[in-house]
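Sharing a structure below in C-alpha cells format, with a few things to ask.
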Amino acid sequence: MMDYTSVEMMTVAASRALQSNDICFAGVGPPSEACNLARLVHAPGITLIYESGAVRARPDVLPLSVGDGELCETALNTVSVAEMFRYWLQGGNIPIGFLGAAQIDRFGNINTTVVGDYRHPRIRLPGGGGAPEIAGSCGQVYIIVKQSRRGFVRELDFVTTFGHGSGGKSRQETGFATAGPTIVFTDMAVWRPDPRTKELSVVSLHAGVSREQMQNSVGWEIKYADKVEETPVPTPIELERLRALHSRTRAAHSGRHQGLIKAQASRPDHRARNTG
Amino acid sequence: MSISKFMPLPDAIAEYVFDGASVAFEGFSHLVPFAAAHETIRQRRQGLTLVRMTPDLIFDQMIGMGCADRVFFSYAGNPGVGLLRRMRDAVENAWPNPIEIREHSHAAFANAYVAGASGLSFMVFRGYRGVDLPKFNPDIRTVRCPFGGEELAAVRAINPDVAIIHAQRADHAGNVLVEGIVGMQKEAVFAAERTVVTVEEIVEDLNSHPNACVLPGWLLDAVCVVPGGAHPSYAQGYYGRDNAAYREWNSISADRKTFLAWMKTHVLDQTPDVFASRVLWREDAA
Amino acid sequence: MSISKFMPLPDAIAEYVFDGASVAFEGFSHLVPFAAAHETIRQRRQGLTLVRMTPDLIFDQMIGMGCADRVFFSYAGNPGVGLLRRMRDAVENAWPNPIEIREHSHAAFANAYVAGASGLSFMVFRGYRGVDLPKFNPDIRTVRCPFGGEELAAVRAINPDVAIIHAQRADHAGNVLVEGIVGMQKEAVFAAERTVVTVEEIVEDLNSHPNACVLPGWLLDAVCVVPGGAHPSYAQGYYGRDNAAYREWNSISADRKTFLAWMKTHVLDQTPDVFASRVLWREDAA
Amino acid sequence: MMDYTSVEMMTVAASRALQSNDICFAGVGPPSEACNLARLVHAPGITLIYESGAVRARPDVLPLSVGDGELCETALNTVSVAEMFRYWLQGGNIPIGFLGAAQIDRFGNINTTVVGDYRHPRIRLPGGGGAPEIAGSCGQVYIIVKQSRRGFVRELDFVTTFGHGSGGKSRQETGFATAGPTIVFTDMAVWRPDPRTKELSVVSLHAGVSREQMQNSVGWEIKYADKVEETPVPTPIELERLRALHSRTRAAHSGRHQGLIKAQASRPDHRARNTG
C-alpha cells in the first residue's frame, strides 16, 4: 500500500462521491480538486461548472483562480457571470454544488466572512462569493473541509451560507426547496446529516483515525451513525492521478504568463510566452 | 461616436475619475484593468467608492494607497493564494484610512449590476435566506411576489459613476470586443454613467462571432490602448495569467513598508507604457 | 446525458407534447421550428396553450388546425405581409374553435421568459404605463421598489411544459449551437420543463466561439435531426428565408377551404423528411 | 423636378429627421425604410438597432421581418431579444425610437391592437410588439404613418402605446421621464406636439396639399402651428436612392431562400440557393 497524507485521503474520498453523469458546480480550491480527480479517475463524463461562467470545463491543471483561462479554453462554452447565477444556478439546473468552508457548525452552516464581530472583525475572511446561492439553488451540497477546533465550531461567528440552520425542519421552514448539505468530507472522516435532526454525524472514519482524535478536532460532542465504516484507502491509481495533477499544476503555476493559448482563442497568432 | 474618445490613459482617468466618485473596475479574474487602477493611484484620487465583485490585488493596491473610502464587493481574496492583506489592514486596523465595506454574495452583486444595466432601481432574486449579511447591508431588502405572495430578496441597483474595464481590442469606431470569461463587464458598462476602456490593440475589424460580447462605441467615453494593461491577470488570446505575481503579492502586501516601497517602484514611478513590457504577446514568429 | 435523446421527431412529439400542454415554439423570425409544429399537427394534439412572442405562420397553421385552446403572444402578424388570418378567424369568429389569448408587449414577454428561466415567479420591468393591456391580462400586476418606492410593472413568469426550438447543429453529446439572431431560445429552454430541439445536422465539433449560445445536452430531452426544419423561416449559415412562401400564405390563409386543402397536401400527407427538399444547403460545389 | 408619390414624400421627409450620429431603434416597415434611406443619403454613420437584437445593422435590402438574416449579417453584433429590451432599451441607451401606427390620436397615442372591443374585436391587429416600451424608454419617438379617417381618430379603440396621454403634463404624470413623440411624418404633412398642450399640430404641409384635404383625412379638428412651412420636395438623389432600395428589396424578396450567407456565418460552406 502506498503512503498518503490525510489531505490526499480527504480529496480521494470526496472524488468518489461524484459520478460520470453528474453535473456539479465546483468551488475553486479543494472542491475543484476533488471534482477534477473524479473526472480523471472514474467519472470521465462529469460536467463541471464554475461560477466564472465556464460550462463543462475540463482543465488539464487545477485553476488557481475561478476565472483562469484554462477553464474557458477547455469548456463547452462560457457565459456571463450574471447568466450563470440567474439562468443556470437560480434556474435550478445544477444538481450538485461542491463547496469548501472556513468555519462549519454541526448543522452544516458555513462561515467564510469574519472571525469575530462583523463590524470589528479579528480576521476578515473573503466573504460569501458564490457559496450562499450555490447552497440554496443546487439540488444538494457536498462540502470538503479539514477538521480543526478553529474550523469545526459550536457556534459560527457569522452565517455566510445556510446549511440546515438549527436542524430538523429548519431548512424547509426557512424557505428552501433544495436538500442542502448531504455529505461532508474531511481529512479524518466522512459525515452525513442525520435524517431527522440534520446534525452532521460521522458515517465513515478514515483508516487509523480514532474517536479520540476526532473529538479533539471538533468543537462539539460528535454524533456517530449507528454503523460507522472505515473509508477505503486511496488506490494506487487515485494517488497517482492526484499527484500527477498536482505536479502539472505546480509546473504550470510556477512560471509567469503560463496561460497557454489554445484553439478557442479567436486570434491564435497572439501567444503568451514564459518571461519568468 | 467621435474619434476623440481615443485618448491616452492618463487623460481618461483625469477626465472621468474624480475624487469621491464610485468607480467599478470589472473583470472576473480575466481582463482585470490593472493599468487603469495604477494610473488612478498615480493621480492620487481619494474618497472613491470602489466597486468590484472580486476586489483582488487591484483593490488591495488601491485601498493600501488610500484611494478608497468605501468598497462594494462579494469576494475579497487573492484567489488560490490567501486573503487580501491591505484590505484586511484597512478593515481591521483602519490603515491607511478607515473604509466602509458594503458586501454581497456573488449572486446578489450580479443581480445588482443587472438592475443597474436594465434601468431598474432594484432586482429580485432567490437568495439571502437565513443568513447574516442582510443585517449589515442596507442594500438588501425583500419584496413580495404580486402573483403568489412568495417573499424574495431584493437588492438595490448598482450604478457607478464610472465603469473601467480592460478588453482585447477595439475597432476604429471605438467598438470593443470582450471574449472568453466575460464576467460582468457588459453589465458594469451598461450600469455606469461613464465608461473608460483599456484595450490591447486597435484593429481594422473586430473579426469575431455575431453573438460575441461587443460593446458599441457610443456607450464608451474613452478608449485607451494599453498593451498588457491587464497584467498580472490575463487577456485570453493575448497572454496568460501571471500566477507567480499573485503568489508574490502575499509577501509584498504582508508588511506596510514593503508594500509602499513596491508601490513606489512598480506603480508611482511608472507610466502605463510599462505594462507592455510585463507581458509578451503576438509572438508571430513562434 | 444519454445517447437516447437522439430520436426521430415523431417520437419526440409523441413522448413530450401531450394534449393540454403549454408549448413554447421559439425563434424570432429566425430558426422557427416549423417541422416540429407540423408533426404536432399531424399527431392531432389538442387543447394546447401555444406560447410564442411572434405567432407567425407557425401558430396560424396550428390554430387553424384546431391544436390550440390558448395563445400567449406579443405580436401576431405575418411580418411585412399582413395579419394572421387563421388566428384572426379564431379570435373574431371562434373558428375552428374559440381560443383564449393572453397578450403582452415584447418587453413584457421577454421579461416573463427571463423570470421563468431564472427560477423566479415574476419579473419586474419598466413598462405598461398608461396603456390598456393590463386591464385584460391577469399576468400583469405592479410591484413597489423596496428602496425608493417607485411603482413598476411585474409580469408573471412563463414556464412552459415543453419548449421546442430549431437550431443549427448538435454534437454527439447532444449539445446544441444557436447562432445569429438568437431571440429568446435560451430563455425558453431554461424556462421549460422539457425541451425538444430539431437541428440541421449532427457534427463532431460545434466549432464555435467560446461565448456563443450553446445549450448543453443535459438540459435537452430530445434532439431530432431535421434538415430544413425551419422552412419557410431560415437557418443562418445554412439557408435563407423563403419570403415568397410568407407572401403566398396571405392568400392560402384567406379562405378556410383553401387553408385546409393546403394543410392536407403540405402537412398532413407529409413526413418531417419533406423539409430537406424545401431548402438547399451545404452547396459545397458552388 | 421628378414625379414622386405621397408615400415617397413621407419616407423622404422622415429620413431627413435623422442625422449621421443618431442612434435609432428602427421599427420594421416604414420606419426601417426611412431609417435606411437616411443612411443611404445623408446619414452614413447612423446606428440602427432592431428589436431582434441586431445592433448597427446596415442592410443592403429592406428586411421583410424584423429578424431577417440580412440584419444580423450586416450588424456590428447581435444580442438576445431579452438583452435588447432590458439592457439596451430599458437601460436608456437608445435616444430615438422610430415607430409606425395603425390608429393614432391627436396626442400621439397609438393603437395597434384591435378595432372594436378587445374581447370581441371587429379586426384583430397584431398587437404591441416592441412599441410600448420603445415609446417609453427611448429618449424621444418619431412616428411615420399615412393619414386617413380610419387611422387618425378622435378616440382610440385601444391604447397600445402611450404618447402624450390626454395632453399637457399627462406624460410626466403617468411616470415617464422620456419625451415621447416629438414628430409625426405622414403622406400629407409633418406634425409636432404643441409645447404646452402636447396636441399634434401641423408644422409643414407637403407640396400641393390643401388644408381641406388635410381635414378630410383626420378625425378631429386639426391644429396648425403659427408658422406652417411647405415640406421641401424630394431631391433627385433621395428619390433615386429610395427607388433603388425598393428595387433591390423587390428582387431579393421575390425568390425563395434568397438570404445570401455572408462572412459572419460561421460555416461559409453552407449556402442557400434560389429554388424558386
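We just call them A, B, C and D in the order they show up, numbering each chain from 1.
Everything that follows uses one rule, which is that a contact is a pair of C-beta atoms (placed from the backbone, for glycine too) under 8 Å apart; a residue touches a chain by one contact, two chains touch by 3 or more.
The structure displayed is predicted, hence computed values, not measured ones.
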Review point. If you average the Cα atoms per chain, which one ends up farthest from chain D?
Key: A
Study note, to complete from the structure: Set C-D beside A-C; more C-beta pairs touch across C-D
Practice item. With chain centres taken as the means of their Cα atoms, state the distance from chain A to chain B in Å. Key: 26
Practice item. Express in whole angstrom the distance between the two chain centres, defined as the mean CA positions of chain B and chain C. Key: 39
**Study point:** Set of chain C residues in contact with two or more other chains
**Key:** 114, 118-120, 125-126, 179-180, 182, 186-187, 208-213, 236
Practice item. Scan chain A for residues touching two or more other chains and write them down. Key: 72-73, 78-79, 86, 90, 137, 266
Review point. Using the touch rule from the top of the page, what pairs of chains touch, sorted by label?
Key: A-B, A-C, B-C, B-D, C-D
Study note, to complete from the structure: Counting only contacts in the complex, chain B reaches chain D at residues 1-2, 114, 117-120, 175, 186-187, 190-191, 206, 209-212, 214, 216, 218-219
Practice item. Name, in rising order, each residue of chain D that touches chain C in their complex. Key: 28-29, 51-54, 63-69, 71-73, 78-82, 85-86, 89-90, 113, 118-133, 136-137, 158-162, 165, 171, 174-176, 252-261, 265-273, 275-276
**Study point:** Residues of chain B that touch chain C when the two form their complex
**Key:** 118-126, 139, 141-148, 150, 152, 154, 156, 179-180, 182, 208-213, 236
Study note, to complete from the structure: Residue set of chain B touching chain A in the complex reads 28-30, 53-54, 73-77, 79-81, 83-84, 87-88, 91-92, 103-108, 110-111, 113-114, 125-133, 135-136, 151, 168, 179-184, 186-187, 207-209, 213, 234, 236-247, 278-284, 286
Review point. Okay, in this complex, where on chain A does chain C touch?
Key: 21, 23, 45, 47, 55-56, 72-73, 75-79, 86-88, 90-93, 137, 264, 266
